[in-house]
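In what follows, structures are represented as C-alpha cells.
Presented sequentially are two complexes of chain A, the first with chain B as partner and the second with chain C.
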Partner chain A sequence: MPSRQSGNRQLKTNLVGYSFILPAVAIIGVFFVYPAIQLFTIGFTDYNLMAGRGNFVGFTNFVNMMKNPDFINSLGVTFKLALFIVPVQTAIALVMAVLMNQKLKGLSFFRVLYFFPAITSFVAVAIIWKQMYNPTFGLMNTLLESVGIERMKFLSSKQQALLSVAITCIWKSWSYFMVIFISGLKDIPDEIEEAAQIDGANKVQQFFHITLPMLRRVTLFVVMITTMDAIKLFIPPFTMTSGGPLGTTDTTVHYVWRQAFRLMQVGPAAAMSSVLFIIIVVITLIQFKIGSKDNQ
Partner chain B sequence: MKRTLGLILVTMLLVPMLLTPALGEQKITITIASFPDQPKASLVAAIDAAQLDFDVEIIEYPQNEYENKIKMAFGAGNATDLVLIDGPNTASYAATGVLEPLDAYWDKADFEDLVASAQSTATWNGQIWVAPLNESNTVLFYNKKVFDELGIVAPTKVDEAWTFEQLLEVCEKVTIPGQRYAIQPQMFSMANKNEGQTYTQMLWLWMGGGEVIAPDGSTATGYFDSEESKAGISFYADLFNKGYATTEDIVNAFETDRVVMWVNGPWAIGNWRRDFPDVQWGATPMPRGARSASGSGSWNIGMSASSKNKAEAWKVIEAITGKQGQTIWCEETMNTPARASVLEALDMYKEYPFDIINEQMIKTSMARPSTPAYPQISEALMDCFAEVAFGEDVDEAVAKATQKMNDALAAVK
Partner chain C sequence: MTQNTRRMLSIQAEPGRQKNAKALKRVLFYSFLVVVALTVIIPFLWIFSNGVRPNDEIGKFTDLSVSTFVPQQFTMGNYVRMFEQLDMVKIIFNTLLVALSVTLGSLLINSMTAYAFSRILFFGKNLIFMIFISMLVLPIEILIITLYLTVSKLGLADSYLSLILPFLATPFGIFFMRQFFAGIPKDLDEAAVIDGCNHYNIFLRILLPLSKTPLLTLGLLVFMQQWDSFIVPVTLINSESKMVLQVALTRLSMGLYMTDYGVLYAGVSLSVIPIAIIYIIFQKHIVQSISTVGIK
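Here is the complex of A and B:
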C-alpha cells in the first residue's frame, strides 16, 4: 500500500538523519550534558577531592554559599569586570572594524597584526603583562615615567589591580571581535551607504543611522559572547594576581577553583559553579530577549 | 603438516604473551612526586647511596601546582607510590585515608632519633604518617654590607635577640624611604600566596605571645583573636604602616639591596650560593616580643595507601630519610637535619649561622597547628596578614579570620 511504503521511506530517512547527528549528540552528551548533571548532583554533597567521595548534605552548600562573604565578593568582582570589559571591548572592536574596513592599500597587514593577540595563549599574554606591570622594572612604569607620570603599583595596588587585569583581557580579545564586526560590515550593501551619502549624510551620521542599526544582530552576538567570557574569567587572576591583593581580582571561577583544588571542597565548589551557570544562562536569555525585541 | 605449522604459530604467539606479564612483574619502579624547590640531584644522591635493587623515578610537578596535582592524583586513584607532603598538611592527608601509616615499618628506636618537633609533625591521631626530609627553622637574615656601613651589630645568641623595640630602631636606621625597605617580614612578597607565607607570618603572632587555635583543635576563639595574637599581628602591620616593609612585588628584593632584612630559612643560603654568590648576608636570631619564637616543620615523605609496592616504597623512604640519606641531603641542600644524630655528627651545624638555628630549634621552635582543617586555617591566616599589611583594621581582619577558622574546624569535627 502506498501509505505504508511512504511511512517506511520516512522512517528510513529519519534514521539516516539521526545517524548523522548521533556522533555529535554523543560527544555533547558525554562531554557537556553528563558533566553538567554531575556538577549539579555533587553540589548537594560534601565531596572531598582527595578522599574521592562525599555524603549527601541537601541544600547546606547553597545556604552556606549565600552567607560566605568571600563568594559574594567574588561575584562582585566578576560583575565589575564584566560591566567594564563588555562595553569598552565592544566599542574598541567596532571602531577598529570600521577603520579596518576602509578600502585602503596595506590595511590587510594591520588586520593580521592586530589579530595576533587573539591567537596567542592567554597564559602567555597574562605572564607578559604581569612583567609589564611590575612596579620596579615593568614597561608600563618606564613609559609613564618617560612622560612625567608617577610610577604606579598596578597589580600590587588594591585600587589599580582590577583595572590592570581588565586592560589585559581587553587587549587579548578585542581583535577577535573586530574580525566578527568586519564580516558584519561586509554584509551591509554598498547601495544603502551610497544612498545615504547622496542624501547628504556625513560619515558620523551614516555610522549611527545606517551602520549601527544594520549591525544589531552582530553586536548582540558580540555582547553575549563577551559577557559570557568576562563572567568566566580565570586565567588572569590565576596567573597574574592569585586573586589579590585582598580579593580585589578574585573572580568567581578563580574562587571556585581555589575551593575545589586548594581546599579540596569539591561539593561546595560544585554548588557555586551551578549558581554561576544559572546566572550566565539568565543573563544570556535577557540579552537575547532585548536583542530580539529591538529586531522586531 | 598444516596442523603442525598452525600449532607452532600459535605457540610462538602465546608464549611471549604469557611470559611478558611475568617478566613485567619483576621490574619494580617506585615513583616519587616532587617539585623543583627540592633539588632532584640531591634526592637522587641519597637514593643512589642506598644501592637499592629496583628503580626509583622522581616525577616533578611545577612548584605552585604541586599540591593541586597530588591531591587530584589521590582523588583519581593514580597517585605516585611516595609523595612529598608539607608537615602541617600531614593531618589533612591522613584524615582522608590516602596515606599508609608507617608504624609497622619504622623501628621505634630509629624514630626516636628524630628531634621532638619532627616527631610531632610526623604523627597524628596516635600514628606515624610521614618521614621528614629535614627540619626547618627561621632566622632574620640581614644585608651585611648595609649593617657594616651603618655600624649595626646583630646578636648571635638567642638570649640576646633583639626585642621588638630594638628591631624598630634598626628598621628606622636602615630604611631609605622610596628606595630601600628595612624588612621583608614574610618569606615571599605579598603578591604570592603559598604556605611559605603562613610559615613566616605565623611567627609574628607567636612572638606577640598568641596562639592560632586551641591545643585540641576545637576553636580559634580566644586564641587567634586573643589580645596577645592581636599584639603580634599589629606589630607586623606597623612594619608596613611605618614604611619599613612594602606590599609591592619586588623581585629578588634582598639580593638587589631593596630590602635589608628578611625572615627566611637556611635553604636561602643554598640558593644564594647557587644563584647569587655575591650576596653578603648575615643571620641573627628571630626578634622577641612577649616571647621568642622560630619556625619548624618542613617537607616529609608519605606513602600512598594505594601503592602496590609498599615494602620497596618503605626502602626508598629509609634511603632518603635514614641517617646516611639525611646526611647527604642536608649537606647538599643546607637544610637542617631532622635527626638528632645527624645534627650532632655534622660539624657545619655547630658553626655560624647553623649554631643559631640549632639553639633556636631547641629553645624557641614552634610547630604549626596539626588539624585536618589546616589548609583552611592557613588560608584564613594568610588573608588576615595580607589585609593588615594593606592597612585594613586589625580587629576586623582578625575577627573575619577567626570566624573562617572556626567554620573550618567545625566541618572536620
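Here is the complex of A and C:
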C-alpha cells in the first residue's frame, strides 16, 4: 500500500524535523513568546514585585499612564531623540559611504578606523562621553575653549542634555550604517553611473537621480533599524544622566524600567511597555508601507 | 613672445592646472577624512591615557596641549587599584563564561534549527518560521519585565543560567544560518541520501563543515553582543559574585563605590581593548557580516 507507506514516511520526516527544531522552539517559546503574551496580560493587573502577585484591574493602568506627566514626558523625549538621530545619523552615514566608496588609496584604513565606536560597548561609549562632557575637566570644554567658544554644562543643562546624548549615540553608530550603505553602493552597476556621466550629469545630480533611488531598499532598512534603536535607548540615560536633569533625557524604556525594578510597579510598567511595543509596530509598518509604495 | 607661442603655452598649461586642481581636491578630501578620524580617535585616546596617569594628574590639564593626551607620569596604579577594589578576575570570568556559553550553544541550536527550516519538509514549518521571524520586532528592552518574571518563576533568578538559556536560540541567528544553507546546492545532500545518510549525518558531516565561515561570523557577532549585554544582566543578576563587566563599569561610573576616576578610566580601557583586538583580527568577517545582514 503505497499511500500508507508515504504517510509513514511523512510522519517520520515530521518527527525528524521536530527533533531538529525542538530546542529552539522550547527556548523561544519559554523566553520570548510566553513573556510577550504575558506582557499584555500582566498590564491589566496591579502586579507588584514586592508582593509577588497582583489583581485584575481592567484598564486602570492604561488610563493612569495617559494622565501620568512623567510617562508622557518620556514618550516626548524618546520621539525627540528618534526624530533627531534618525535623519542626522542616516545622512552622515550615507554621505560618508558615498565618499568612502571611491577607488582611492588608504580608504579601507579609514573605514576600519571609523568602525571602532561601533564595536565598542554602549556602556563604555556612554561612560567615555559622560567624561568628555564633564563641565570642569571634560575634553569637550577644552576643545570649545581652544576655538574661543564659552564653556558649556552639557549633561547638567536642561537645554543641552538631550542633544548631548543624541550626539553620543550618533558618534557610536554612524559608521555601522555607513558600512551597510557602502555594500548597497557596491551593488549599483558601474555602467549606470558611467552612462550618467557621459550624459553630462554632475556629481550632485548623479547622487540625487541615480544613487539615492538605487539605494531605496537599503535606506529603508537603515531607517527602520535606526528608528528602532533610537526608541529602545536605555544605556545612555541609565549611565550618563539617570534620566535627568528634570527628566529631559528620561527615555520611555528607561522610565518604564525604573517603574518596574526600582518602584516594583510591574503591572503599570508592563502596560506602558506594551503600549510602547504597539507604537514600535505601528511605526515599523508605516515605514514599510511608505518605503515599498513606489517600488511597484 | 608672439601670440602663437603664448597660445601654445596656455594650451600646455591647461592640463597642468587641471592636475593641480585635482591634487588640491585630493588633499582636501584626505584632510577631511583625517578630521573625521580625529573625532573617532580623540575620545578613546583621552580615556586610555587617563587610565595610565596618577589620580592627581587627571583633570589637571584642560588646555589643548600634549599633556592633555600624554601622561606626564606613567603608572599602572589605576589597574592595580581596580583589581583591589573589584573582584576583576571573577568579573571577567563571569563575562567570558556567559559570552562563550551563549556563543557556542547558540551556534549549535541556531544552525540545527536553520537546517530543518531549509532542508526538511515537516508539518507546520512555515507557521513556526513566521512566529520566529515575527519575534525580531520584539526588542529585549520591551520584554525585560516579563522575562524577569519568567526567569523567577523557573527558579533561575540571579543565576548564570538566566543569562545563558534565553539566548541559546535567537530568531536572528536562525535566519542568518538559514540564508546560508539556502545558498548551498541541494544536490550535495541528495547524493548523500542516496548513499543512505540520514538528516543527522547530512547536517553534522556535510553542511556544518561547509559552514565554517558563517559560523565564525555569527559566533563573533554573538560573542560581541554578549560582551556588551547590559539591560539583561543589570536586571536579572543581584549577587556581586555573578556581576559581569558592563554592569561593573556602570557601578564604577555611578560611584556606588567612591568614584575613583583613575580606576574608572582603567576599567573602560580594559573593557574596550579585548573587543578592539578581536575586531582588528577579524575585521573583514565582521564588516562583511554587517553588509550581508543589511542587504538581505
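Here is the rule we go by: the second predicted complex is superposed on the first by the 268 of 296 C-alpha atoms of A that agree within 3 Å, B and C clash if a C-alpha of one lies under 4 Å from a C-alpha of the other, contacts with A are read in each partner's own complex, and residues count from 1 in each chain.
To be clear about the criterion, a contact is a pair of C-beta atoms (placed from the backbone, for glycine too) under 8 Å apart; a residue touches a chain by one contact, two chains touch by 3 or more.
Everything numeric here is computed off the predicted structure, so don't read it as measured data.
In the superposed model, A:241 makes contact with chain B only, not with chain C. Within the superposed three-chain model, A:17 lies in touch with chain C and out of touch with chain B [touch as defined at top]. With both structures placed on the common chain, the touch criterion links A:208 to neither chain B nor chain C. In the superposition on chain A, contact is made by A:25 with chain C only, not with chain B. By the touch criterion defined above, A:136 reaches both chain B and chain C. Applying the stated contact rule after C-alpha superposition, one finds that A:59 touches neither chain B nor chain C. Of the two partner chains, chain C is the only one touched by A:119; chain B is not.
When the two structures are aligned on the shared chain, A:51 is found in touch with chain B, with no touch to chain C. Once the two complexes are overlaid on the shared chain, A:261 sits against chain B and chain C alike.
Annotation for chain A, partner touching more residues between chain B and chain C: C. When the two complexes are laid over each other on chain A, chain A has residues 134, 136-137, 261 in contact with both chain B and chain C. Looking at the complex, you find that chain A touches chain C at residues 10, 13-14, 16-18, 20-21, 23-25, 27-28, 30-36, 38-39, 42, 96, 99, 104, 106-107, 110-117, 119-124, 127-132, 134, 136-137, 139, 141-143, 145-146, 171, 175-176, 179-180, 182-184, 187, 218, 221-222, 228, 232, 234-235, 238-239, 253, 256-257, 260-261, 266, 269-270, 273-274, 276-277, 280-281, 284.
Looking at the complex, you find that chain B touches chain A at residues 67-68, 71-72, 74-77, 92-93, 96-98, 190-193, 247-251, 258, 375-376, 379, 383, 386-387, 390, 392, 400. In the complex of the two chains, the chain C residues touching chain A come out as 26, 29-30, 32-33, 36-37, 39-44, 46-47, 50, 58-60, 62-64, 68, 109-110, 112-113, 115-117, 120-123, 125, 128, 131-132, 135, 137-139, 141-151, 154, 165-166, 168-169, 171, 174, 198-200, 203, 224, 227-228, 230-231, 234-235, 246, 249-250, 253-254, 264-265, 268, 271-272, 275-276, 279-280, 283, 286-287, 290-295. Listed in rising order, the residues of chain A touching chain B in the complex are 48-52, 69, 134-137, 153, 155-156, 158, 241-247, 261-264.
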